[in-house]
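Both complexes below contain chain A, partnered by chain B and then by chain C.
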Partner chain A sequence: MIINRYFRPLKQTAMNSLKLLKQLYPLPLTSVNGTLFPLFFLAFFTTKSAQAAELKVCKTCDFKTVTSAVKAAKPHDRILVQPGYYAESNIEIKKPLQLIGVGKPVIDAKNKGGIFQVETRNVLIKGFELRNVEVSYLRDFAAIKVYEGAHVTISDNLIKNAFFGIYLQRTDSCTVARNVVEGQARTETTSGNAIHLWYSDFITITDNKTSGHRDGIYLEFAKRSTIKDNLSFGNIRYGLHFMFSDGNVYTHNTFRNNGAGVAVMYTRDIVMQHNTFEHNWGPAAYGLLLKDISRSTISNNRFIKNTAGIYMEGSTYLHIEKNTFQGNGWALRVISSCSEDTFRLNNFMSNTFDVSTNASSASNYFSHNYWDKYEGYDLNKDRIGDVPYRPVSLYSLVVERVPSSIMFLRSFIVDLMDRMEKVIPSFTPEMLKDDSPVLRQHAYDHA
Partner chain B sequence: MNKIIKYVLYDILRSRTVIGYTAFLFLMSFGLFNLESDPTKAVLSLLNVVLLIVPLISIIFGTIHFYNSTEFIELLVSQPINRRKIFLSEYLGVALSLAMAFVVGVGVPAMIFNPGPTSIYLVTSGVFLSFIFTSLAFLSSVLTRDKAKGIGIALMLWFYFSLLYDGLVMFILFYFADYPLDNITLGLLSLNPIDLGRVLVLLNVDVSALMGYTGALYKSFFGNWTGIALAFGLMLLWTIVPIYIAQRKFVKKDL
Partner chain C sequence: MKPLFLLLTLSFFTLVFTSCEVKKQPIAYGQANCAHCQMTVSDKRYGAELVLKTGKALFFDSAECLIQYLEEKPEEKDKTQMFLVTNFNKPEDLLDADKAIFLQSKNLPSPMGMFLTAFENRAAATEMHKQQGGRILTWNEAVQAVKNNEKPQ
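Moving on, here comes the complex of A and B:
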């Protein structure tokens, strides 16, 4: 009775929130009505009672090496690695542990295999400096490799000169945050990826800095993951590369100066927002390469000074909105296999070519974009140009067929040719036009 | 020689054509830089001017000036002065005044509103084009005695270099699209001074586009100092060769 008196108000509020939950998720909670409440308490007491031990690793501690500490530790123990230099490799973690580096201790694999190999759930690896992982043509050695694990958190590490930096294989619900992965890759074949996901779902990758690897962030068969606030630069192939990775969200990332920009392939239902793609220059470099991407949203991104801002092939049902394309060689290169894509409310500024295509007819839609090359007028003052804008110039078609003719850019004959074509369009695709070009630049805060 | 150049310069300044040319260039560049919010875009518009107007004015003005000063030249020839010196002084007088007009009219606004390598290349190309087309003008005026014919030749030359040549090369490129043409294009470009000037400016403005495809080849060629030196060397050659031929013809000519 006493307990009942004390806990009734508490129980009442709990029941109220349960009711609310039931309205939101009507199915599974109906039967738990009576049993769920005691369960809360049970969970509370068990976690409180299981107190984890702390193991220290240093030159003068009980444990001289990380390997020995990991071996001795019981599940859920915490291992604190003190500052120092530890020459160790292939540390296998097969029980839930927290490994915390105090003051950035250095673990050097000395080019013999990888460093951490996690094969369980609930592991934390935080605050280490990991160096010199072996380059192998047979095995994927990584500074931190998680194999069939879950709820693993890898944060605040500095990884230098590793073959693969962080490698997640068949994992789910892991977090990779605030790591710096610096490689010294020279060729594509002798280097791995900074952050590599393979058959991993529900992964969060945030605030990492990756450079000098083959690919900055690589995802294959990785679904429903979030990639946010990362910086990927100076990688020899792609800043971000994913394939068959549906339902991922990429926001606020920066991809700069990578060998071939960002390439995404064979994927659907992705969201890319507020990213910056800049300075990806080269004969085969793109800000963003879309190959067989469908039903995705690409919005509020910035594409600055890339050879091609977006290069798309076989991509359908895309919403490309509110992006800014500035100073690119080609803002958009739309290959004929793309259809049903919508380009709305974008800014196109000081690009050499706004749009180029090899298609004669297209079923992509352009509307309400701002084009700095638009020369029309607005008589009814609704801030929308009265004549359509044709973003594909005759010269861009010529360049598409004869790449060498790029050297006649901005010559008198090219200007003349384009003007003639504007007056009487005969070669450029008839349907590819923006019927409602906006006269003023859209003001977007992309950051 | 300096004295003759001085007199030629005085004469040109008195005719006010060059002053008008300077004012026109200055107003236009000033206007463009004020109208366009993006200075690079203004430079691109100016590039069109440099590539069209500068050669046209230089070649026409040079030809007309040469024909108009025939009597002055005849007078000088009667004096004990080397013919070569007379001719070169005439040339330098005209070319320098046009180049000065260009530097004041375009160079000064460009340097004020958009200081940087792009403007430097633009101005250097413009100055070179002034010299080159004055040189071509003198060649065409030496070739014939008839003023109308001389101006006709000058106009044809301008038309050829600014329009026909590019058209022809584009046609060749299109026709032989299946063959590797990168190096050939590079060679063909150097045969036209206007193209050389244009490419030098483009390499600073449209880098993103030029880094794609075969553009990277040109970028790596023109982008380093040897390439730039070669381009300017070729332009220098374009200045020297026509005036040298014209001078040889003039020396032997029966006036």
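Moving on, here comes the complex of A and C:
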């Protein structure tokens, strides 16, 4: 009796859900436990495959515009857009769909708003050429905008002259791959970012090429994302820009000739590996700008010909190792608020200044780096210099205080000053030295 | 000879005085770096500025950066003559920060993540509030919001 009293309600709810199932899937369902389950699955798959249809869009097809095809399509349909020119904008996608461009059809927004606006899950947008997205001060129009969506794949598109290229807002688990986003930005204010993430998690961004925008790839409040094999060049501000975005990984990217390099700010737990930062020149340019970041790894990167390879401020507990710094104005600029950072096994070659700092004392740790300016000796032949190397020259301290003194670079008096300081260190930070400078360059294959 | 000399000294003095005059300076967007976060100041709707008593101007990419800068370096407050923020409706128009009215709305993200937008007066802020929602703050309230890291959800 007791058992019955307790179990009857349960049994009833089970029966109710069964009725519901019968309504949803008009297939013979039996209440026998053994057959119910496989039948349920069968029903699920048959209904799905019966629904999925292919809709073609072209000048002579049933659907003349992408908008009309999207409207008519049922969830999970596939829309195949044939080659051609379509002047359309603000296409809203609110059901799971696959939109595939066959032979790169062109969709031109003609500077009226954005192009695709996705507000659902499971959407594929592939193989389009998207042009001329409106520039607005109040609204962030984008060629492809995903708003509160998930599992959206955006791949193999060519986006030209857009305000924002690909914009993910409050999304998760999306993929952005093999897109080319080319802007024509002249000023920072009239251009958005090529790939923009805002409150988006678990995003994969791979093999994209971004140029001519404000920032190539921009992440704000974006967590646990992967950025790999991208090329970001000729953007007005940063090639890659992180803010308040913890736990991201970016590897094998190239950032070239951007207005100010790459900025990673106000974040922690970032992994930066095998990237190339090159040709970022200018009074306010850096290969990599680190501001208030902690507990991150920067390894196997190449910093080539930047005004400053890494400029760091307020950054703690970083592992900076196995990187190559070559031909930079400053390889490292470590501002006083940085501490507990480790610099190991790096190569420093033909930089004007290896390390500069404005601090008199710093608790950062240098070891086993290769410094081409090292003039020590190795009597015990263990390939490690017997006297410590002090990467901060007196002159770099002077330049840090009085920037205009840079005009005395390579003058006799500066040489004399630095020599004196090397013999009797009195101004340069006592603690900032490499006790075990390596005599031969580390051989790294950064690629 | 004499007038020439006079002219030269005059021009010299005008130069000296004009260069030290304490006044609003236009923000060089795309070139200036934010004195707090080091980012290039780029969004014309959000720039902010401090003019020191010496006439030197410090630029910020947003009001929140200016507030945080003064939080970290309170001694700078005494050296400062003018606290300026940008009028959202009229970029390049710099307002006195303590007279500006702020809207904190999740629909208007400012560059450094505090969603602060400045307006000339309460009427303009209310107008935008109708469209975008959020809450209206005075300068002091905005300072408190940044201090306590209060963001709209």
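Basically, the second predicted complex is superposed on the first by the 396 of 447 C-alpha atoms of A that agree within 3 Å, B and C clash if a C-alpha of one lies under 4 Å from a C-alpha of the other, contacts with A are read in each partner's own complex, and residues count from 1 in each chain.
Throughout what follows, a contact is a pair of C-beta atoms (placed from the backbone, for glycine too) under 8 Å apart; a residue touches a chain by one contact, two chains touch by 3 or more.
Fair warning: this is a prediction, and the values are worked out from it, not measured in the lab.
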| item | value |
| --- | --- |
| Partners on chain A (chain B, chain C) - clash or fit | fit |
| Contacts of A:R214 with chain B and chain C, given as first, second, both or neither | second |
| Touching partner for A:R237 - first (chain B), second (chain C), both, neither | second |
| Contacts of A:V398 with chain B and chain C, given as first, second, both or neither | first |
| Touching partner for A:M265 - first (chain B), second (chain C), both, neither | second |
| First, second, both or neither for A:G103, with chain B first and chain C second | neither |
| Contacts of A:A308 with chain B and chain C, given as first, second, both or neither | first |
| Most chain A residues touched (candidates chain B, chain C) | B |
| Lowest inter-chain C-alpha distance for chain C and chain B in the superposed arrangement, angstrom | 11 |
| Chain B and chain C footprints on chain A, overlapping residues | none |
| Interfacial residue positions of chain A with respect to chain B in the complex | 281-283, 285, 305-308, 327-330, 349-353, 372, 398-399, 401-416 |
| In the complex, chain C residues that touch chain A | 29-31, 33, 37-40, 42-45, 91, 109, 112-113 |
| Residue ranges of chain B touching chain A (in the complex, touch as defined) | 38, 40-41, 44, 47-48, 51-52, 162-163, 166-167, 169-170, 173-174, 177, 181-182, 185-186, 189, 194-195, 198-199, 202, 206-216, 218 |
| Chain A - residues contacting chain C, complex | 137, 187-189, 198, 214, 220-221, 236-237, 243-244, 259-260, 263, 265-266, 284, 289, 291, 311, 313 |
